[in-house]
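We call the chains A, B, C and D, going by the order they appear; numbering starts again at 1 in every chain.
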Amino acid sequence: MKEATSQEIMTVTAARLLRDGVVCFVGIGIPSMAANLARLTHAPNVVLIYESGTIGTKPSVLPLSIGDGELAETADTVVSTPEIFTHWLQSGRVEVGFLGAAQVDKFANLNSTVIGPYESPKVRLPGAGGAPEIAALAKETLIIIEHDKRKLVERVDFVTSAGYLRGGNERSEAGLSGGPSAVITDLVVFEPDSVSKELVVTKIHAGVTKEQVRDSTGWDVRFANNLCQTDSPTDQELVALRDLVRRTKEARRKLS
Amino acid sequence: MKEATSQEIMTVTAARLLRDGVVCFVGIGIPSMAANLARLTHAPNVVLIYESGTIGTKPSVLPLSIGDGELAETADTVVSTPEIFTHWLQSGRVEVGFLGAAQVDKFANLNSTVIGPYESPKVRLPGAGGAPEIAALAKETLIIIEHDKRKLVERVDFVTSAGYLRGGNERSEAGLSGGPSAVITDLVVFEPDSVSKELVVTKIHAGVTKEQVRDSTGWDVRFANNLCQTDSPTDQELVALRDLVRRTKEARRKLS
Amino acid sequence: MTPKITNLQSAIKSLVEPGMQVAIEGFTHLIPFAAAQEIIRQGITGLTLIRLTPDVIYDQMIGMGCANKLIFSWGGNPGVGSLHRLRDAVENSWPTSLELDERSHAAMCVAYTAGASGLPFGSLRGFVGSDLPQYNDSIRFLDCPFTKEKLAVTSAIQPDVAIIHAQQADRQGNVMLWGIVGVQKDIALAAKRVLVTVEELVDKFAEKSNATVLPSWTIDTICEVPGGASPSYAHDYYQRDNSAYTEWDEISRSREKFLEWMKHHVLETKSFVEFRERIQS
Amino acid sequence: MTPKITNLQSAIKSLVEPGMQVAIEGFTHLIPFAAAQEIIRQGITGLTLIRLTPDVIYDQMIGMGCANKLIFSWGGNPGVGSLHRLRDAVENSWPTSLELDERSHAAMCVAYTAGASGLPFGSLRGFVGSDLPQYNDSIRFLDCPFTKEKLAVTSAIQPDVAIIHAQQADRQGNVMLWGIVGVQKDIALAAKRVLVTVEELVDKFAEKSNATVLPSWTIDTICEVPGGASPSYAHDYYQRDNSAYTEWDEISRSREKFLEWMKHHVLETKSFVEFRERIQS
């Protein structure tokens, strides 16, 4: 078996955090890949919800967009997008929100709006989409992001979706429960400190050094006392992931 | 042809007030009979909405309840009851509301809640149902009621659904447009005076005397200067109405 | 995650407790008569009953003393007239007094939708000039934060238990209903726990336009109860038994006749199946 | 009452005027590409464009100077990346400046539903801790009149024109869409006027679970435009052309290449049919 790439390790590690049977609101891209990998391995009963209105969807290939036909065809039911946000997310039925972002900060706030000032941005990003409410209303949020100094920053340029705000009890005092429980990158897993809510490295992927993590993180990163190494992907996980990616590529090639 | 009964005259007279092509929110009972008679005679393109969620329904027999299967089977579409009230009524799409009530007063306010005080009623009536919002939000309301001193009263015991409140501009000052445009009974047609909004008799059915109307009305009833006699039902209208009633009776007998 | 599929007797026993808020919904169509009668049979009392259109089955429950509060918008025998047991409770406190939280259909819908949506209130254009808000604190007014217009608001409804009847459930416990779908999706998603009685369990759903599908994980218990909505109807299964509604008017007019009928047909039968046999004999 | 059934060119000419608020909706599925391109072809400018997910077709409209304001929640090329014309307009005001009214998907949904429901605002749990409300006055907060909780509110959206694409219309002008139905019913019912392009006119609709049906009298104009949602997809008709989305990334990166492509494919073609021929050749 070919050794796992760092992106594969990130995806497998994220997938493992999704417990079987939970209701998961899935963002497109790597979150969708990880959620479906979980469904195809240890979590066959996970209920995947996409904001396009598909509930309990079981795609055999990964959707390129959030509203691919594959998602509707394999769903238990398809509802309108307004209903997804009111009756399914806002009602508190979503246990895990699975999100990506352009920037994540030390307190797990997410930015998908702008780099630079809002009124005259250096880079205009796509925007909020469903993320602010997913981050606010899911019982727990998992965040996947590539480990890069420009992406993991001291303070996001713009808080699109609230994490722990400026740390401590600020999130709960603002009236929000839940919050990010882990940030998974291609180098490490961060978890929020139980008191300060600062993201702390709790797991480090095989072959990654602390030095490397420090150099790639935009704040003075801390490592947990009980820091351990991430369990490497099993052969079974890698086969499932690679099959999924291969099927997806083939399906897209056929369509083009 | 057997002569028209007073109830038939009431129904035909009410039906005539429904213009072809309008969107009409229909209450059960005589309003439903009149609205369907209109559809089967001069107004084939009337769009009938029932609060059970049926839109553009074309029943061949009259529903006994507001949610008979016949209504769903003959509808252009069936939506949920919440959607009927939000997207179809509250949105201002309904041109005519067709209602009955237990009591109507001089200013066309409707009572379907209680006779006597609310907290210790003499008679507990079924309640508001959809009427308050139909009366508030339809561009115009038609009311059908049997002519009886206890039903046509100076002031309703309880305002379930607003007519012109205490008259004059009170309705529009309260922020409501529309309002009752006619009250059709088995003796007369009332219309609101353009200034005072008091219900005034504008049409009197054939063979009915003013004396009879005065005796059967709970307030000191006024007759319009241009009072005229109601056009009698045509043979065509009576045939259509009687056929509808016969078909309905047969269908119900079959079910029992 | 997957709902329990069980019999009606144990479903009611495990879900409905005295004093609970219970919504047994159905808009003329698909009224869960069987499930509601099982509540009477089990002698559960002190309930707050919730429904837009309390009809014959709520009349039975109220007359048998199951409820001490009713949240509703229209309580009548559809196409027939009054509910005599409901009237007797409100007018004469028999068999017990009945508190009313009375709204309109539109307001009840908004309250269910708010409940299903995790919001504490819903807004509507309504109640201007109506006397209802004077007697009901769950109807209030606010000014629109943008236009300053005066709008009505009503508090969300989130019952302890919702009971609905549907045409079908599949083997995984997903539920589908069609035809007049009423308020069932909203009340099911608003409730803490959900019981669905169905006409039949099927392997796969057919395509049905306007169908409401409730995923298995939103439902706690499913009971297969053929005819369980009778004398109301189940679209594509059986029609409404209008005569039963007409006869109810006669049965329910006197307390004695009512009690006798309930004893013979409900209390002395073990299940809805026996009840149906006795009714049909 | 019955919608006009006409060709796309005259439909756009009679419905869309410079300066209007126009919502061209479709959630990945059923995006009305043909209708939107006809707006470009007719050179209509000064529009406020509204959509949850402005994608390639809005990128084309913005790059061609049709819009000076955008109400939206996520503007990207789904599965590919940025919209370069949208970025160029926001970052460099090219070809003109673009005002943003930026919300979240949930808030846009609530705004559409409020618009369709005749309410001036809608409520949601959201925006607590987010920076968005600081930059957008159409997001505010209020206290629940019952529980005193702080909730977000957003102003209703009621565009002058909504344009959607559906699979079918029947001969009476009723419209049906199925699969991922997105926000189309709400925006159609929220708009003052509605244009629907459809894959085909049929005699009778088949049963389709989760179908959205819009009665004929809610629609102003229908155009039969087979393939009119391409390169997005129409469930049961054709699949998404993912390569067109990928290629757009390249085409749209430079202003020159973009303008050249638009001139050749859109401005110099008379209709969507011709456009499709040129694309496929």
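Keep this in mind: a contact is a pair of C-beta atoms (placed from the backbone, for glycine too) under 8 Å apart; a residue touches a chain by one contact, two chains touch by 3 or more.
Here the structure is a predicted model, which is why all the values come from computation and not from measurement.
Listing every chain that touches subunit B and subunit C alike gives D. A centroid comparison over C-alpha atoms places B as the chain most distant from subunit A. Across A-D and B-D, the chain pair carrying more C-beta contacts is A-D. Measuring from the averaged C-alpha position of subunit A to that of subunit D gives a distance of 28 Å.
One inter-chain figure worth recording: subunit C and subunit D are separated by 40 Å, centre to centre, where each centre is the mean of the chain's CA atoms. Inter-chain spacing, taken between the CA centroids of subunit A and subunit B, is 57 Å. For subunit A, residues that reach two or more other chains under the stated contact definition are 77, 86, 90, 137.
Touching of two or more other chains is recorded for residues 113, 118-119, 124-125, 149, 185-186, 210, 213 of subunit C. Taken pair by pair, the chains that touch are A-C, A-D, B-C, B-D, C-D. Taken together, the subunit D residues at the contact with subunit B in this complex read 1, 113, 116-119, 174, 185-186, 189, 213-218.
Across the complex, subunit A meets subunit D through its residues 28-29, 51-54, 63-69, 71-72, 77-82, 85-86, 89-90, 109, 113, 118-133, 136-137, 158-162, 165, 170-171, 174-176, 252, 255-256.
On the subunit D side of its complex with subunit A, the touching residues are 27-29, 52-53, 72-76, 78-79, 82-83, 86-87, 90-91, 102-106, 109-110, 112-113, 124-132, 135, 149-150, 179-183, 185-186, 210, 212, 233, 235, 239-243, 245-246. Put simply, subunit A touches subunit C in their complex at residues 21, 23, 45, 47, 55-56, 76-77, 86-87, 90-93, 137.
Listing the residues of subunit D that touch subunit C in their complex gives 118-125, 138, 140-142, 144-147, 149, 151, 153, 155, 176, 205-211, 213.
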